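The structures considered in this document are given below.
In the two complexes that follow, chain A is the common piece, with chain B as its partner first and chain C second.
== the complex of A and B ==
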């Protein structure tokens, strides 16, 4: 029973103290709503009821911020104010784009554990990306591994279960060189977090036998106490297995692993700031082989049609899984039947534990024996722990004792809506890029600058990490993360075939650029969407078959400035998705990425949006890679280069905070992408590379390095905005990070076709692929510069020093 | 005749589906069967004509990679597997399957009679997934017929370093024609890391038993059975109809058919 003051009589302050002591992360209005509910019943809540409510209502599970009402105010440079009230931010931005686009291939969006699409009416693809930031900050190896384990279960729990075929991972870390900086308040060193996360994901993903095919790593000071770890999984299932239902009387069956005291309060702890002194018991302990066995058995049971619904046991453990499945019907669980790792767990701990590798099934009673036999044949635990009721009540028993008796309606809909306010105004950053040192000095710089950018860790080769991940298991990986003859080139997107009988497949990519947030989170988000879509276009996909996932990460949203950035980013998501016709199918947010040290000093991460994108490919044999293919082929630049150095890597390596942040003009880029997709479909393109961090300079260098061939490019012929052209700034042409650009290789015989398809659009032939192993450019002032590939390679491969 | 191939799986096996797909394309009729079915006695190895133990992390590679499965094979299925091998039926162990056959004493040959060897941690100290080249030796193994002298192949493992009991042991294996594949560069020469991805002694990538019908290799032929699995197929024109790896499965299927008839 609950210790402490009588809940019904306690003062608001006493209730708040109770919430803090038990790490419930419940707000005052939420505590009041709970008290009112129990006052009506005339009894105190039990320990287990309070815990169940706290986790069901947690930010992690309920997305209270994104679903609350928000009064948003923006002030522009001139002090003009613009106000807007969002009744439900998620519904009015991300989900609204999907509603309005009405793509017929969206099969299940924002409903299930993952978004599900189907392009051929027969096979469906489930895709989900999640974060595991708080656990990874505390215990990087376990936190990152179970993060991946969790998202794999999301896909196993999508529809009646999808067969995972690909993992993606994106990490944001502090720069590794930061090791000499004294650690504040117990945060781990950047290097320790890096190694722990990389190997945690490696050991879980490799052992699950799911190829890790795409990812990114971003190094920035802003992540020094709060790393971000995004793990994603895509899976395939028959369209006929998308629908799930729970019927009263169905047995509640738990499969997979046993329950221990690991991961108690995971959901509630990740709904609050990180601070020192958090017990490590909030982080789960993973065992990928237990999950692999469970997956093998589950997919067989799906084939045999032995269950009617499935969901994963993630945050909140059984309380969340059973609670969600029984949202309509109600449910009754006997906790004494739950197998434990060891004795001594309190009933509420069994109910809340986030012990990994478990799923919950709704099984028609007549199938129970067959299901148990199937799981036992694979040595996987499979236990009947209760049944779904028909009266909408959630009842949990431990032996004879009832420890939870709640109406499902109150549990799921009883939380008071949050009211928040948010604000945003731009920082004062000079728009003009400095002209320090006059022309001569600057020209010398361009050569050096490219090498510096190539060796900056976010741009530099990630081969050290990528090779530790099995990217070929299952034999479906048609475009691998590293491409080119020496397997050195950074591919723009992975391409996976769905089966061995047909040539259809999916391309997977991501977009992320938290550095732009400082300038404007709107353009940060717009750039992320564009980068993800662009990466897919670069391998041969087309815009009309692209589905998106969002993952918002931010600091403490109770801070209007933090929330203001999130609101602006969400608004960009709507605008760009709508303009591109690319619907969001699922998403997630991770807030409270704030670190509070012993002295109470606070630090929020930069507002970060990861966009993960999936595209259907009719024929994976037409996929295109980014490595330069053949001397004599022409090099085209597609897309307009603008004076947009704000947030660029040029600025990063030169320590310059100035310039305009890259914007996006979808009315210009959308037709451009369509033209490129068509050119690729027709086979006119032999290589194509997305132009992002480091601009044209890095894109050209990477293509040459990957193909082990030289490239000659005359920048005077590139499509340039007047502002770049006017002051003949070669550095702007090479390093501006304008969105919507590609470097494209076209054999001379297709030159005319290619050009005619791009008529009236910013696309131009600037040079050719050459035998000599060097990158050669002609600058806007007419000066020629050359880099030996060996020098470029040395800079690029030496950038990440683990 | 139909060649019945069994792809043996257990907890942690993860290359079974694509191995079955490659076998099917090679003309066999594959079934993926859990080792428990053989341990219970519901199935017998001799119900099949061809055995493949695919890659993965059997039982989590606890103790050492392939070790627990190796113990099941050498203690509980020894008679069945010995009989299978004695009948000259083909057995292929890939990656984790190779580790299991080696640690179970089925490769290079019976313990006490043959050279002993093991597969241990890569010199790099970490799991690595990369493409390299293999040079085929025209030794005892009948599954290499028609393979190019040098061909590309992918590896993905953390414990693939082949270590024989001694230098003399390595020479014995060579003399007996038991070394089937060696890691080389694209010109077919021994060239150290990364071509030899794990530091294997003698660049050994795959070996067979003295009779030649049991083959173990660390590289993954099932990851190159169709042309678009190649690491840089977008540069290869014209593309071959099949990946080179398929030839190994085709040879094994043909051999199995001969043995059975």
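== the complex of A and C ==
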């Protein structure tokens, strides 16, 4: 029974207070809709009903912001205003791109627990990336571990269950040099969050026997109270196992672990700001060994066709899993049958608990005993807790007492849509990069600057982190995260083979650059899409078979400015995906990444978009790595370098806030990528590295370091935009972060072929690979500079220390 | 049989490297908490239920200790340790109700080895501090080693 005021008679203020007290995160219109519904029924909602509605209508489950109506206003530099109304931002941007591209290999998109694609009509690949930001801020080890555990279950719950073959992880932290004591509001120090997150993901992924093959780590002041933890998993399943259905009469079976108070209110917690006084119950701690056993049993059951549908028990626990599966048919659950970790849980707690390592299956009654026997043989709990009805009602009982009786239609479609306002106008950042300013002294310190950029934490080697993760378990990994003879080079993308009968496989990559969003979230998002695609091209994939995933993270979307940034980023996703012909197949948003401290001070994260990308590769033996291979080979630069230092790492290390943020010209880059893919397919390319953070300077240094060979590059021969040439500034040529560029190694015998394929495009031979262990460049003013590889290595490996 | 709790404390043999200990010492110094001679790290397991001293020792020897690198002490909880050895011991336990996956695994391991299975096992992280003031040790644990949301601290002078 619900304690507190009579729900039907309570004032809006009393209802809002109830929502706050119970951490329901329900808005006033939502509370009014619930009251209206129960008024019609002539009774008060039960505790469990209110909790069920709150979690089903949560930001986490319903994406209320992205699905709401948004009145968007933009003002350009001249103050000109442009207005647009979005009826459903997700549908009108991300999903619209997919609809319009109509890629025949998109098998299941935006429907299931993960996006599913099939490139050969026989095997399908499921891919999903999730965030676990709020839990990781509170308890980094448990939060990050269960973030990964959750996304693995998403893939296990895609179709009839995909076998996870690869994990990815991307983290955003505050700079580690911040003082190592807890800061305001009880937040953990940056270093503790960093160590906890890294080890949490390591322990979960390694113990599950899934290789972690791709990732990134970004450090920025903006994440000082709110780390971002993105965990992704790709899995393989037969195309015949993509379709699932629930039939009335099917038994509802819970498999995996027992239920405790873990993670209660985790879903509604995601609709709230991170503040002091969050209860411990929202934190989940996982047990990967239990999940590994459950996964093994589940995949055997799939092979035997013992169930008709499966979903994971994630946010919202049983209420979400059973509610979603029974959306059409309805369902009835007996909570007394749910095995508990300990006594004393209230029925609504059993129903809402987010205890990890659980899945829910729809099992034909005749298969129940065989399923139980199979799970019992693997020492995994398998409990029949109810059945799917045929009247569209969700009923939950505890013994004889009915604690939930809701029509599925109201549960899933009864939430009022949100109406929001958003606005965006550019910050007044000087477009011209200073000749002198901040700590920059123009040309004189180009040499020092490269070392500074290499040692800045986002660019520096992450070997200390990467080596903690198993990259090779299962034996499918063709390109690992670290490449080159000494295994030190940061690979652009991972390549995995799908089986051992063919040489087909997939490449996995990501793109992320939250620094650009301070300049313009549109170009931040465009750059993220391009970087993800570019990374795939760099290992030998082609643009024809690339699927994208989006993960938006932002502050409090009730602030028009924060929402305006998200709208602009979503619009860029549509524009670039459409231009590249790369559909989105799944995505997720994590909002309310705002920390409110004890004194009420607020801090939002910079609007951040992670783009994860997956590409088909016909023959993984043709995959190309980024390490310089052979002295005498030619070095080409592909793609135009523009005067785009805004948001660059050059600006970061010199403390300069100025310049133009990198833009993207897909009409120029798309044919360039196609030409490069063809050159790689023909075997003309022996190494390729994309230019991203730190520009050409960092790309050349990383290639040399990874290959343990010298590189000579004359920047005067590189394809440069007129603005760079006019200034004759080597720093712009070397550190601009323009999109759409690669450094490519080509054996001399293929020079002619390679150049002919790039005729009319910005590509030029700028130098060669050399024996001497140094990187040598000739600047635009004709000055030669050299860096010993040992100096580059010292800077690069010293940036991120345990 | 009456319910008893036996504590198994596992730490590295002298001479075996203790990287976690060195890392904690580095953090202590960075936090400028004053004098400290050394930190030793290990694990603590509380085995509760119908467990006897020989059973606890058998579990320690066969399941909880790597005999090459580690050694263990077994004692009844509340029985007091050996004679004072001049260090401050901090054990960080998962709070009541927080999943203790290591503890659960120990129970399953005992079952698989056909050893008596304790009713409950809790696993904690152990830190022994030599030459440090207990007040400082508490502060260090609270700020660097535990998360109050999911952990509880047990501090004793040994």
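Going forward, the second predicted complex is superposed on the first by the 794 of 802 C-alpha atoms of A that agree within 3 Å, B and C clash if a C-alpha of one lies under 4 Å from a C-alpha of the other, contacts with A are read in each partner's own complex, and residues count from 1 in each chain.
The rule is simple: a residue touches a chain if its C-beta (ideal position, glycine included) is under 8 Å from a C-beta of that chain, and two chains touch if they have at least 3 such contacts.
Computed from a predicted model, the values in this text were never measured in an experiment.
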Which superposed partner A:500 touches (first chain B, second chain C, both, neither): first
Chain B versus chain C as contact partner of A:561, first or second or both or neither: neither
A:342 touches, of chain B and chain C: first, second, both or neither? second
Chain B versus chain C as contact partner of A:142, first or second or both or neither: second
Comparison of chain B and chain C by chain A residues contacted: B
Contacts of A:260 with chain B and chain C, given as first, second, both or neither: second
First, second, both or neither for A:123, with chain B first and chain C second: neither
Chain B versus chain C as contact partner of A:188, first or second or both or neither: second
Partner chain in contact with A:285 - chain B first, chain C second, else both or neither: second
Chain B and chain C footprints on chain A, overlapping residues: 287-289, 379
Of all residues in chain A, those that touch chain C in their complex: 138-139, 142, 180-182, 188-189, 192, 260-262, 280, 283-290, 341-342, 355-356, 379, 802
Contact set on chain A toward chain B in their complex: 202, 206-209, 287-289, 292-293, 296, 377-379, 467-480, 483-485, 487, 497, 500, 620-621, 623-625, 627, 629, 686
Footprint of chain A on chain B - complex, ascending: 9, 11-15, 17-18, 21-22, 25, 34, 36-37, 55-57, 59-60, 126-131, 154, 156, 220, 222-223, 225-226, 228-229, 231-232, 234-235
Touching residues on chain C, where the partner in the complex is chain A: 23, 27, 30-31, 94-95, 97-101, 104-105, 108, 143-144, 147, 149-150
